[in-house]
Every structure is written in structure tokens, then in C-alpha cells.
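First chain A sits with chain B, and in the next complex the same chain sits with chain C.
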Partner chain A sequence: MQRYLLGRLVQSIFTILFVLLVVFVIVRLKGDPAAVMLGENRDPETYAAVRRSLHLDDPIHVQFGAFLGKVFRGDLGYSWYQRRPALEVMLERFPATLQLAGAAFFFSLLLAIPLGVVAAIKRDTIYDRGLKIFALLGQAMPTFWVGLLLIVFVAGYLGLLPAGGRGGPSHLILPAIALGWFPAAAIARLTRSAMLDVLDSDFIKMARVKGVPEQMVIWKHAVKNAAIPVVTLMGLQIAGLLSGAVVTEQVFAWPGVGWITIQSIFGRDFPVVQAAVILLAAIHIAANLVVDIVYVYLDPRVRYLRR
Partner chain B sequence: MPLIPATIIAVMLFFAAFAPVVAPSPPNKGSLKEALRPPAWSQGGSWRYPLGTDYAGRDILSRVIYGARVSLSLAALSIPMGVLLGVSLGVVAGYFGGWADIFIMRLVDAALSMPGILLAMVLAGVFGASFLNLVIIIAMVSWPGYARISRGETLSVRERDFVGLARVAGCSTPHILVRHILPNIINSIVVLATLMVGSVILLEAALSFLGIGIRPPTPTWGGMLNEARGYITKAWWLAVFPGAAIAVTVLSINLFGDWLRDRLDPKLRQV
Partner chain C sequence: MRKSYRKMLGLALAPTLAVLVACGGGAAAPTATRLAPQPSPTTAPRATAAATPTSAPARVVPTGQLNVGMRGTGVGLDPHFQAQCHYATWYTRIFEGLTNRAPSGKIEPALATSWDFAPDGKSVTWKLRKGVKFHNGDDFTASDVLWTIERGRTHPSPYLYRTQLDRVSKTTAVDDYTVRMDLGAYFFELPDGWMDVFFGMVPEKYTKSLANPWNDLQRQPVGTGPYKFVELKTNDYFTIEANESYWGMVSKVKTFKTVSVPDATTRVTMLKTGQMDIVEYVPPQMLDDVKKMPNVTLELIKALDTLILMPVTAQPANLAMKDKRVRQALWYAQDVDTMVDKLWRGSAIKANDLIAPGFVGHNDKITPHPYDPAKAKKLLAEAGFAGGLKLRGAYSSGTTAITDEWMEATRLYWADVGIDMKWEKLEGAAMSELTPRKYQGYDMYVSNSRNIGYDPIRDLTFWIHSKGGQSSHANPEWDKMIDPISLIPDPAARLKAIVDAYAVLVGEEVSVLPVFHPLYTVAYRNDKIKEFPMTQGWSVYPRNLNYIVPR
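Now for the complex of A and B:
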């Protein structure tokens, strides 16, 4: 067990280093990194300063070392557009993204778990088939399209909710539905199959024979035991939600990490883009690691399966 | 064979191949006098523009038909490229084992834990989103899946008798890999590649929607949705039809892929 956890930890560190290497290479593939960072309109003095700060006249391994050193000191470069550290620009947007992803997560659970449980209990009925259609649609409809449809019909024609921006709780509803739609489909499907497995097991039959009321059999005994695979999937979806938020934020003009990333890509504010990639990838990797660790504690069998 | 999905895929392929013949008008021709016409069946619509027109008076139906070209040809080029890269690395890792295996699989793990859309966004933003660049970018984002599957399959095929016999008979390693290993793992790869088509279409649409994919005026489904945003309260049809084209195509491909998986490779079900 400890060996497995240690292995996973080392692997995560390797992955972060790999991400940093990719960022390092991308900036250099384009040619002169100082030019990439500064864009077209640069004055020679700043240009020379950036070349110095990136160690561009040193051998490549020294450049990479300097880059790693900076990243680990929390120095992800300087936003040329906003004239302050790129990390600061990102972190300031982070609460908005977290709020959106959290709301979407909550929405997807609220929808998916009851749907999955009911479909499993009423197997092969119209409910079950309805869930299958929902799940298939959830995987085929792009998040941003769901968002646009919600804006057109719920915000536009019905005029029920605001179409974009960040404000009170009502601003959160549509983006959360759009973003939560995709994970909801996946979670509902897995809840259904996990419930079917559990409902088929001996202890459930035993509980029924003993005369435990059916409601209690399902919601107390079965759902609890079906939760393990669902919890893992949920953990994996959190990482997915954060990157899905990048697109959703653009649809609803939600001023989060994704929104600022896209603005920075358009504005060629490369240090901010670099900070976004590093930050989001680090969260992604950390979330995967946490899921794996939690899962080992919940169900020791997993480490053999996941290899 | 799932009839409806297969028919829809065939129709989309037909659209993509023969867009100039099928589309009622050229995709970029429009006049401002005809701008924002609703679909034919609503008030103010005309059958000259069955699905209505956009802000520049261009025919939505024609643009949706032409949009199939970009989505499908991008998938058709980037998937084989990703497969080639992923399968080569996966087979090498599985067949040789040792350091090659460790190195390649750590690379795969690392690549899989990076958010694909973010990587694609940054690459498209930095290098520019020409068609060729997008093909390469999508291949770069999708190869790890193929590598992982083909490594796993190679591990089990490698131990079978005919591989050992081929080695004893003096076959060269490249010969064994191509003639003996590859044909035995190809089913899983085909199934995975089919299931990936949907994701590739969604990824391309997302990039175009964000404005960092194929540049306008080339009609793409994602790009049309991006343009719809400015007219969203006035013209619902701008937002509905291109998105429906994406959803229907991806849904059909996924259903077809599921069917193919059950036929060719039931093992993958558990993945």
C-alpha cells in the first residue's frame, strides 16, 4: 500500500515536470521566446531585459533549470498587458471558476444519483430507457451548445434567468447546468450499473427476506454500497469540470480562469497563458492523485485493477 | 448494424464529399437584405433558405452542409496520425518491455493527465490554427489512448506461441511486429479510433467556438455557434442548427462505435 502511494506520488511529480517541459518547449518551438512573450510591439530595452531574465543566451539545460527554479518559487512570469505577476492575475480569477465548478458538480449529483438509482430499480422500463437516452445525449451535446440553448430559451424567450456575467445566485444557475450536464450523464450511467451489481448481491436478498422495508433496502443498504465506484468517478469529474469550465466561462462571460486564459491567448499575453496551463494542469494532476489515494483507502482491491 | 446512426453517418459523409452539389447556395454568398431570416416554416421565412440565414444573409443550411467538411476531414486526417504515433509507441513499449516500456508509459500517463482542451487551445493560440496545425494538434492530444491500449494488447499477444515460433524461425523484429503483433491488436485500435471520432469533432467544435480554431469565413459548426452569440436573443436558429448537427453526428458515431465494439472487441466494454 505505501509502495503504491509512493509510486503514485513520484508519478505525479514526474507528470508535473513533464508539463513544465512541454510549456518550456512550446515557448521555444515558435522561435525566440522573448518575442513570443512580448508580442509585436516591443521596445528594445524590455526585450533585452526579458532575454536576460529567461537566460536565453545560456545553454538550453541552464535555461530549463532557471525556468524550473522560477516556477517552484511561484514566479510564473509577468503579465505584459496588466503589468503585474501572471500568477496573481490567475489566482484572482480562481474563486469564480471554483464557484462555477462547485455549482456544476452539485447540480450533476443532484440530477444524476436519483436518476441512476431509479433506472436501476425500474430496470428495462421506460425510465431506464429514458436514462440511456439522456446519457447518450449528454455525451454528444457540446457543453457550449447546451449553454447557448439555455441562453436562447431560458434567458431569452422565457426571460427567467440572466444570460451571463457573474452576480447573485441567479447568475450561477445556467452556467452550472451547462457545465454539469456532461458529468451528470456519466455519473447517472455508473450509478445505475453500480446499483444493479449491488441489488444482485446476497446481502440485499437477505435484507429483503428478513423483511426490511424496500425503501430502506434501496436507500440505506444498496446506495451506500454502490457509492464506491461513483465516488471515484466523481473525483475524476472534478478535474474534468475545471477544464470544462474554460469553455463554459466563455459562453456565459463568466470572469474566471478560463475566460482570462482565452482573453490572454487573443491578447498574446503569453505569461498569463503559461501560468494558466501550469496552474490548471497542476490542479488536474493533484485531483487525480487525491482520488487515487482516497480510493485505495475505500477499496484496497483497486490498486491491482487500475494498473 | 444500427441502421439510423449508420444512415446519418453516411449522409454526413455524403454532405462532406459533395457539399458544392448538395448545398442550395455557396456557403459564403449572402446579401444583407436577406439577413437574419427565420427558418422556412416560421413567419417571415422562405423555402429559399430552409433553415434561415445568418447576420450576413448567408444560408444556414448550406453552411451546415459545408461545415461537415471541416469536422469530418479533420477527424479523418488527425485520427490516423494519432493512431500511427500511439500504436507505434504502444507496440514498442509492450513488445520490448524494460526501460522503453517504463519511459513510454510514464510519458503516456503524463500526457493523459493534462487537460486536452487546454493543451489544444494553447497550441492553437501559439502556432495559429491552420487546418494542418489543427490536424497535428488533435493528433498530439489523442495519441496516449492508443498507446495505452496497444501496449496492453501487445503484452498478451507477445506471449502467444506463434510469436515465439516466428522468433525461432528467424523472423526479424520489425517483421514480427508488423506481420504478427499488429494484425492481432488491430480490432481494439479500430474500435477505439471509432469511439474517438466523436471526441475529435467535439474538440474541433470547441476550438472553433472559442475563436481559436479554423478562421472565418470558412464555415465550421463551432464557428457558426460562435457567430450566433451576437444575435442570440433575436435569432434562435443560428444557435440551434449547427449545434444540432454536432450533436446528431457525434451521437451517431458513438452509437456506431458501441456497436462495433460489441462486435469486434467485447473486452473493451470494461474499459
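Now for the complex of A and C:
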């Protein structure tokens, strides 16, 4: 098992390096970064100074080496417009994104697991069909659209909750629902199908034959066994929520990482964009690694297969 | 009839689904809407020595807080770190220049009480206002003016006014309150125009005391303006507080918190629910909704903007666009009145000139070409394109809230006269990369001309002269018309020459095709604001905030 985990760790490191290479190349494909930063009316001295500071006069492999060195020292560049380190800009916004993603995840779990379990137990009933509609809507409607609907009807028409901005807990509800509906739909569908598989298995039939109470059959035996694929998906959804908050943050004026990334793209503040891509990619890779590790502990078959 | 129906269907189908849901249909009684009172168009020349004093200081005790929902909250507050003119929306609340611009665009005294041009136009002497203090208590003196010019010239960042500064050969402090500025070569743009609110005066002692004099003013700004800096969270919110010892009119509102709300639906809903007291940029699709809101007033204010279609004539491949008759045909072939009515829902004015009406340099004698498809066809036939013409254009969706709809309508109008227009939507940065290549590969592009300079020679040069920053032309005849104007030292004669040049270059040559002047749309809550006397170009003129009377 240790060999398996070590292998996954090495894979993750290579993935990170590949992401850094892609970021490095893309920034340079855009053209001369110094020229892009300074615009058309640049003066030659400033231009030369910026080129030197970015190592742009060095050979490309030296530039990449310098870039890697800086990244591993936590230096992701300097925000051209905010006049401070790009990592600082990102980290300042990260708590807001984490809060939103966390609330969305909580909302999706709160809704998806019970819905999926009930739909599986009450297969082909109105509950099951209700879940299908919920899942279809959640996966078919874009997040920004759900967000706008919530803003117009819940905030604007009913006046129940704030329409946007970051403030108290009430500010969190609408963006969390908008962001969490999509993963909730996916988790609910997977929970339902995993439950159906488990409910059809011999050990569940045996438990029922032995007279184990139905509640115990469902919640102790069936849900526990159906949870393995669901937990995997949930782990991946956390990373997806963190990076997927870009649109939701924009619609709800939520001052997180996604919003500053969009603004930096429009403002051509490439160091901040670069920092955002690296940060979000690192989160994705770390989440995948954690899921793989958890999966080994949850499912003994993985341990045996890897031996 | 059939074509007309098709056009209207195109116009009706164009708005996005999101907007359809966000906004209700139907017209509303326009009782809560008023077009702000406008000063008469300013075409009078400025005096070489400004004499009219600003209004006497009115001492009040500022109270309360107003929350303002805007599309963005800028990126920084250092007047010398401004790559784009719209950043001025933020720092001009804190900093002031030697001059100020009245809402009409007319120059008036600010930190300078008067100024004199030498008879040969090669120098200008400024008399500074006495008793002015920076927000940290430092006195404003001549050494701050010298430092500001020096800092602007040497700041390692993109700076809009560097070209102007490069033409100042020497600045001398005659005494603590007198500054003489020598102009090495003749000025392309007269300095009392650009030494205005956009050229904020920076405190010398304070800036030099900062750990990094180049960077730190961005986040700890100190000026002499009507508002003091409190807090900035970039692209989140920006808080300012009334400067109670301001030399001019003191704000009646203690605190303004400007919150960045990029989505228009969210912004308007926040106004409705009371989260915001003022919101800007209400898109045309939402005007009816806002008009229906109880307790809300909607203002439509003349702004500095002109939305233009820019013919590309600089490239050898732009054969058709080089022909004046084709450019005129394009103007005749679009029904601007219908677009103002159906697309803008009244929140724009049909344009006739590059400079918006009410602003210095506007020529109200240019007659916009009326919608006349038959004449357009005739002109195209005369130019040798009776069988049709294929054109390729570029635009950025960020230009206006309804650029996609506008482009589709234009395409349909031009199709009626045999022009096959292919519009390509580009991201803003991609559009700006086309500029240095003079829009090679395209026949037309779409842009927004914002008349931020007092001296309208700037716009004439910027858009039409072959060396202009945004020009898509290389026409020596047009350059010959523009070049001598910047050598006219008499402001009145200079302004007349500019206005006459616009009549030829826009009205006849159609080097620029002005289409709309969009109105600046602002809505505010009546339960929080008693009076909001709006003037032109609100977002650019921070002094307008001073006039707000809270409840």
C-alpha cells in the first residue's frame, strides 16, 4: 500500500510540474509579457527593467528554472496593478471562496444523500421521479442562471435574503444554493444508483431474511456500503466547488478568488492569473490525492489489488 | 414591410435569456425618471487666465453613510499609476489638480487660482491657492507641484500623461505659491486642460516618507480633495469619508462606501432591497423595472461617451473603405432612431459628432445622415459595389451592455443594401492588440470614444490622425488638416478650427461613424437621498457627490 501511495504522490508532483510548464508557456505565448504589462506607450528604460526583472533576456530553460525556483519559494509574481505579491492577493480572497465552497458543499450533502437514499428505497415512486427532476434541473441549468433566478425571485421579489455581497450568514445562503445545486444533483444520482446496487445484493437480502429491522438494513448496512463511490465523488466535488465558484462569485458580488481571477484576466494582470491557476490546480491535485488515500482505507479491495 | 418585420424580430430576439428573466416586460410610467438638467453646450473659448472663482465654501457637518453599487471599484488610487482613464473615477475623489473641469468640460480654478500663458505660448505661470492642506495636515505649496510633475515623469508604470509631461522642459517654483512651467516645444494639448482633476497633486513630504514612494501611495493615498481615503479592498469595496476642512464645498454625506457589483441584475436587486442606496449603469433592458420600483428615482445623464463605428482605411486591402461613398452609405443604411428606441429604450442619443453634445468641441451643425437605404444603395453603386460588398468587423462585447444586439441590428440593416457584414466578437485584450497593427484584416471596428480631455484636439488626433493612438487611418490629407491646428496658440481660434475640422472629417469624410451617445444611468433610493442634483458625466466628476443631500 505504501508503494501505491508513493506512486500517487510522485504522479501528483509530476502533474504540478506539468501545470507549471503549461502556465509558463501560455504566458509567453501571449506575447512579450513586459510589452503586455506596459502597453503601447512604454518607455524603453522601464521596458528593459521589467524584462530584466522577469528574466526575459535569459535562455528559455534558465527562465523556466528561475520561474520554478520562485514558485517553490512561494513567489508567484507581483500584481502589476495592485502593487503587491500576487500570492498575497490570492490568499486575501481565499477565505471568502473557502467559506462559499464549504457552504455549498454542506448544502449539497444535506440535500443529496437523503434524497438519493429515499429515491432508491422508494424506487419508481413519486419520490424517485422527484429526484430525477431535481437532478436533471441541477445538472442542466448553468450556475449563473440559477444564481440570477434566486436573486430575482428570492431576494428581489420575495425580499427574503440579501441579493449579493459578503456579510452575515444570510448573505451566504443564495450563493451556496446556486453553487451547490450542481454537485448535489450529481451526488444524489450516484447515491441512488449505489444504493440500488447494494440493496439488490445478497447480504442485504440475508439481513432482511434474518429479520434485521428495515431502518438498520438501510442506514447501517446499505448506506455504509454505498458510501464508497459517493465519498470519492464528494472529494472531487470539493475541489470543483473551489474552482467552480468563479461564476457564482461574479454574479453574487462575492469577493473571492474566482472574482479576482476574472477581474485580473480582464485587466491583464497576468501574475495574479498565474497565481490563481497554480493555486487552483494545486488544490485539485491535492484533493485527488486525498481521495485516493481515503479510498484505500475505505475499500479493502483496493488494498488487496495493489499488493 | 417584410424586411422591417425581420429587423424587428432580430431586435426582439437578441437580448439574452438571463436578461429576459431578470426583467419584466411592459412599459412603465416615466414619473420617476428625469433627464438631468443640462448646461448649454460649451463652445465658448476659455480665457488664457481663468478668472471665475469656484463656489464659496459651504460649511456643513457631514452625516450618514451611502452605499453605492458600481460595476467595479478600480484597482488603485495613485494618480501616477493609471494605465487607463477610467481609474480616475476613484482617485479623483481624493486628489485634485491645479484646475478642475466644470460638468460642461469648461476649465475652472482648483488648486491654482489663476494662470497666465506667455504671449508666445511657450510658458505658463500658475498662482496656487493658499491655505490648502493635504489630508495628513501638510500644507500644499509649489514644491508639491514640482514633485508631482517629477514623480509623474519618472514613475515606473504606464501613465496616461507622460507624453504631456515630456513636453514640459522646466518647472520652477517662483515662490511658495507661484509655479512657472516652460514648454519646450509647442504644446499639442494646452496644459490647463490636462493639469486638471486627472493630474492629482501628490504631497512631497508624505510620499517621500513612504517605505516605497512608488508603490505605497497606491494603498495609502493622501490628497487635498473633498474626500479622505478610509479603505480599499480592490474589486470589492472602497470607502471614503468627507474632508471636513476642505477648501471648497464640503460633502453633506459623511461616508461613501462604493461596492463592486459587476452583474447588473444583482446591482439593481440590491437597490430594490435597500442593500444599495445608489447604483450606476442600469442596462437598457432593466430600465422599465427600475422605473416601476417604488421609492427609487432613475436619472439619465449626458455622459462623455460616443459609441462609434471606425472604418479601417489604413491597409491596402481596405479598398472599399477607402472610398468616401462607401463610408457614407454605411451611415445612411442604419436606422439609428429605431435602435435608440428599441435597443436603448431611450437611454441613448443619436450621435452626429465624435464629441458628445454639451461638451467642449461638439459641433451641433453636423447633420447625422438620415436612414435612407435607397441613397445608400445609390452611393454603393457609384462606388462600384452595386453587386454587393463583403466586410469584416471586430467588436468587444464589453463596449456596452447591448453590443451584441447593436451589431446584429447593424448587420441586418446593412444586409438590406447589399452589404454582407461579418462581425467577430473579440475579448477586450485581443481587440487592443489589433490597435498597433491598425486593425489589419478588418474593415471596421467598434469602439467607445470618451472625451476625457478638455482640449478636443486630443480626440481629433487620437481617432483620425495617422499617428493617433486608436486611429485606423493613414490618410495624409486628413493629417494635413489636423497638424496645423495644434500650432494655433489662440484658444478661441483653435477651438473654431477643431470644430470646423470635425465638420469635414466626420460630417463629410465619415472617417469616424458616430452612432450613439449612451446616457449615464443612475438610480437612487428616495428614502435615503433627498436631493441628487445630477450634472453631466457623473462618474468622472467626483464633485457631483458633494451636492447629494441625504435624508
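As a working rule, the second predicted complex is superposed on the first by the 289 of 307 C-alpha atoms of A that agree within 3 Å, B and C clash if a C-alpha of one lies under 4 Å from a C-alpha of the other, contacts with A are read in each partner's own complex, and residues count from 1 in each chain.
Note that in this section a residue touches a chain if its C-beta (ideal position, glycine included) is under 8 Å from a C-beta of that chain, and two chains touch if they have at least 3 such contacts.
Note that this is a predicted model, so its numbers are computed, not measured.
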When chain B and chain C are modelled together on chain A, clash or fit: clash
Touched partner set for A:260, first chain B, second chain C, both or neither: second
First (chain B), second (chain C), both or neither touched by A:105: neither
Dominant contact partner of chain A by residue count, chain C or chain B: B
Contacts of A:83 with chain B and chain C, given as first, second, both or neither: second
Touching partner for A:295 - first (chain B), second (chain C), both, neither: neither
Which superposed partner A:247 touches (first chain B, second chain C, both, neither): first
Touching partner for A:134 - first (chain B), second (chain C), both, neither: neither
Partner chain in contact with A:49 - chain B first, chain C second, else both or neither: second
Partner chain(s) touched by A:181 [first = chain B, second = chain C, both, neither]: neither
Partner chain in contact with A:280 - chain B first, chain C second, else both or neither: first
Of the stretches 8-16, 440-448 or 458-466 belonging to chain C, the one that collides with chain B: 8-16
Interface residues of chain A shared between complexes with chain B and chain C: 144-145, 148-149, 151-152, 156, 163, 250-251, 266
Interface residues, chain C side, partner chain A - complex: 17-18, 21-22, 72, 75-76, 78, 81, 83, 156-158, 162-163, 215-216, 218-219, 233-236, 259-263, 265-267, 269-270, 272-273, 275, 398, 428-429, 433, 435-436, 469
Parts of chain A lying in touch with chain C, wherever the complex brings them together: 31, 38-43, 46, 49, 81-84, 89, 144-145, 148-149, 151-152, 155-156, 159, 162-165, 250-253, 255, 259-260, 263, 266-268
In the complex with chain A, residue positions of chain B that touch it: 106-107, 109-111, 113-119, 121-123, 125-127, 198, 202, 205-206, 209-212, 222, 225, 228-229, 232-233, 236, 239-240, 243, 246-248, 250-251, 254-255
Touch list for chain A against partner chain B, complex: 11-12, 14-15, 18-19, 22, 26-27, 29-30, 36, 136-137, 139-145, 148-149, 151-153, 156-157, 163, 239-240, 242-244, 246-247, 250-251, 261-262, 265-266, 270, 273, 276-277, 280-281, 284-285, 288
